[in-house]
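Below: a set of structures, written as structure tokens.
Each of the two complexes below includes chain A, the first together with chain B, the second together with chain C.
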Partner chain A sequence: MFRDFGWQDLVPLAEGAWLTIQLCAVSGILGVIFGLVLGIARTSPSRIARWISTIYISCVRGIPVLVIIFFVFFGIPLLFPGLEPDKFSSAVIALTCFAAAYVAEIVRGSIEAVAKGQSEAADALGLNYWRKLRYVILPQAVKIMVPPGIGFLIGLVKDSSLVTVTGLLELTHAGNVVTNLTGDPIKTFLVVAAMYFVICYGISLLGRLYEKRTGVHVDPLKLPEPAGV
Partner chain B sequence: MIFVENLNKKFGPNHVLKGIDCHIREREVVCVIGPSGSGKSTFLRCMNGLETISSGSIVINKHRLDDSKTNINLVRQEAGMVFQHFNLFPHLKVIDNVMLAPLKVAKTSKEEARAKAEMLLAKVGLAEKMDAFPGNLSGGQQQRVAIARALAMDPKIMLFDEPTSALDPEIVGEVLAVMKDLAQEGMTMVVVTHEMGFAREVADRVIFMDQGRIVEEGTPEEIFSTPQHGRTQGFLSKVL
Partner chain C sequence: MALYFGDLLPYSSLLLEGLWTALYITLVAMLAGSALGVLLYLGKVGARKPLSILCTCYIEAIRNTPLLVQLYLIYFGLPALGINLEPVLAALIGLTLNNAAYTAEIYRAGFESVPHGLREAGKALGMKPAQIVQYIVLLPATRNVFPALTNQLILLFLASSIGSIISLPELTNAIMSVSNTTYRTIEVLAVGGLLYLGVSALMSLASKRAETTLFRWAVGTHV
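Let's look at the complex of A and B:
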């Protein structure tokens, strides 16, 4: 009843890989946007902003990704009757919620890693909070965020395999389907693993390219320190 | 120009400034000296709101710093500050460091801001370093850029927080020379420093602080040659 694992099986796997890439790209981008907002709120002078973002971040970080995925997938149609997001949208929502919290912590860490003297110098020049953030703090913080951010995106790709439980035909789920057809989990999942590896390695290459381009070999502790002293 | 009355500053249980009274006139150059931990840097930082005031009052150019309605950013535009560790913005070129506040705070036009920055950099002797990044400059050059950056907002007062303490001894002079020029042009200056030679030569008045209080103040001649107070004498005997 099984057929041998063959070239034709690469097609659904490649389609799964493409879906995984789309899923991670969309939720990664949204996660970075919301993560930036949350991370800035986390370090803002407004107590309410800090409070809200801290609660959100602690909650999400304290919940397994799989539970977030189930919650979004089953919960949204129940909480908002009439709203029935498709599997892809559910997965994007779940992964975005998850990513935003972790990105926010990276953003907060990077903002705090910019030397205190930078903030004081901006204050002393009369820059208000937003201008200080825009022209002094964030340009330096972004360079610090890139390496851990890339690391997190790679993690996101791997964690995205969990959305297989919703039946979305991403890479892991495609692997399952092909295994059921061929009865050959070893070959199938070796290919699946190789595809994940290629995606992740591609991201880390992009990160390295960015670091080379900007000349940042990020050493957050050394960056703000004046040279030549 | 600057009126400080019964200024108190506490960091938690730490009473750092204990009732400072001080009046600094326009065009006056005041050097604040004293041992580490005497509160002199904190005193300076209170003058542009980098530290909040626990009690008492500071009035700078008619702006009351202890009044929460005062727009602190307006005060800061009138009081330029130079830090011990320069705190230049490492991601911006030298010229952009100097132009940032005029462009973004004062909303000067780009041409005007650039012309002004070039003029100021020439004044501190760094016209040729305009397009360099701060990381490629020596400490003395960075500090001179920092002075130009502070001057770009046309401050009426300049506050210096140990501007030469992080510099190698042989390049201290180039920074002091710039400050001396500034003093001669009539800038109102408050300088926290360990450079007794500079204080003696340039200051109109020297304030000696210890343990959060102004112990003694007077002309450089009075402080350095005939200090009245035992603690001033003790401190000076160690540093001179």
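Let's look at the complex of A and C:
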């Protein structure tokens, strides 16, 4: 009934890994864009902007990613009849919603980590809020964001395994399919785990390279922890 | 579409039971995992090279692979070796093994952030290494570790939802089964999401409170 796990099984797994990379790249980029906006709003002088972003961030960070994925996957077609995003799009929407909140916390932490004197100096020079942000705060904050951002990206790759519940054929789901063909969950999921390891470890090596080049090292305990377990 | 929460009332006990299972799994995995994490940390920083390499490999392997894949290996992989596990036991083992790697890294970061000058001062006073740890390093390190550990507890609670995929009857599993019987998908997801949100907010409040009372002596110091 089953055939042995063989070289040919690496093909669907590699295709799954490629989809996982695409998924994380798209939702990672979108998450960074929305996360920057949310994180700036979180530290802005406008009370309404602060309120809205704080509520969004705390809600998303207090709910499991899996529940967010279910909410997007089942909720969007119910809330917006006629709108039926395909599996890849709903996975991107769910992971982007989730990523934006965590990136926003990293952005907030980094903006607050820029020395206070910098902001005061910009005020003393008469720069308005947006100019202060654009020319003084953000250029320094971005350097601080990168190490925790890399940690978060690794978390995103791991959490993307959860979209397997929607039936999208990413790496973990490809592992399920191969297991059903070969009846060998151990070999299959060890290969799956090894593929995740290569992706995640590759990203963390990039982070280490960045730290070496710039000398920027941020205490992981002082900033919001990277998401994902 | 109109939202209607009334259909959920008969299932409230199912949801609360799910929440209870999630909490129970989280607490047991946190306690067991953070104890195992101490051993991993000691093994990693210890003088024995092979053990240190082994612990480092374990920590990196766990931290660079998804929890879901780890759970699959335990829940689907072990039966292939003749070891059958209930979902509860599989989830407990998986979350514990996973949590141990993360807490080991938390201990490492916490101890490394204690300034080196403190150890040198202890050495200058003629203290033995064990005394330096016990009387000088342990307390500030604990203060550094505590917020990260409570944060890890919240992350673990949220991660326990992944157990639903291996049919652990916790909150997310209860949410999906209520959704399948009542077709009130949005409503039950909203209620379930609020339950998660409420509990994680309570955990975060309690840990902030505990931090200020337990480490009152450290207010204003930057160790």
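General observations
Just so it is clear, the second predicted complex is superposed on the first by the 212 of 229 C-alpha atoms of A that agree within 3 Å, B and C clash if a C-alpha of one lies under 4 Å from a C-alpha of the other, contacts with A are read in each partner's own complex, and residues count from 1 in each chain.
Keep this in mind: a contact is a pair of C-beta atoms (placed from the backbone, for glycine too) under 8 Å apart; a residue touches a chain by one contact, two chains touch by 3 or more.
Nothing here was measured: the structure is a model prediction, and the numbers come from that model.
Among chain B and chain C, the chain that touches a larger number of residues in chain A is C. In the superposition on chain A, A:P45 makes contact with neither chain B nor chain C. Contacts of A:Q140 after superposition on the shared chain: chain B is touched, whereas chain C is not. After overlaying the two complexes on the shared chain, residue contacts for A:G82 are found with neither chain B nor chain C. Of the two partner chains, chain B is the only one that A:A121 touches; chain C does not reach it. Legend: residue contacts after superposition of the two complexes on their common chain; A:R131 is shown touching chain B, with no touch to chain C.
Residue overlap on chain A between its contacts with chain B in one complex and with chain C in the other: 227-229. Chain contact summary for the complex, chain B toward chain A: residues 48-50, 73-74, 76-77, 80-81, 83, 85-91, 100-101, 104-105, 134-139, 141-142, 146, 149-150, 153, 166-168. Chain C meets chain A in the complex at residues 1, 60-61, 63-70, 72-73, 76-77, 80-81, 98-99, 102, 106, 109-110, 113, 144, 147-148, 151-152, 155-156, 158-159, 161-162, 164-165, 172, 175-176, 179, 185-186, 189, 192-193, 196-197, 200-201. Listed in rising order, the residues of chain A touching chain B in the complex are 115, 117-118, 120-128, 131, 135-136, 139-140, 143, 223-224, 226-229. Residues 58-59, 61-67, 70-71, 74-75, 78-79, 81, 154, 157-159, 161-162, 164-165, 172, 175, 179, 184-186, 189-190, 192-193, 196-197, 200-201, 204, 219-221, 225, 227-229 of chain A are the ones that touch chain C when the two sit in their complex.
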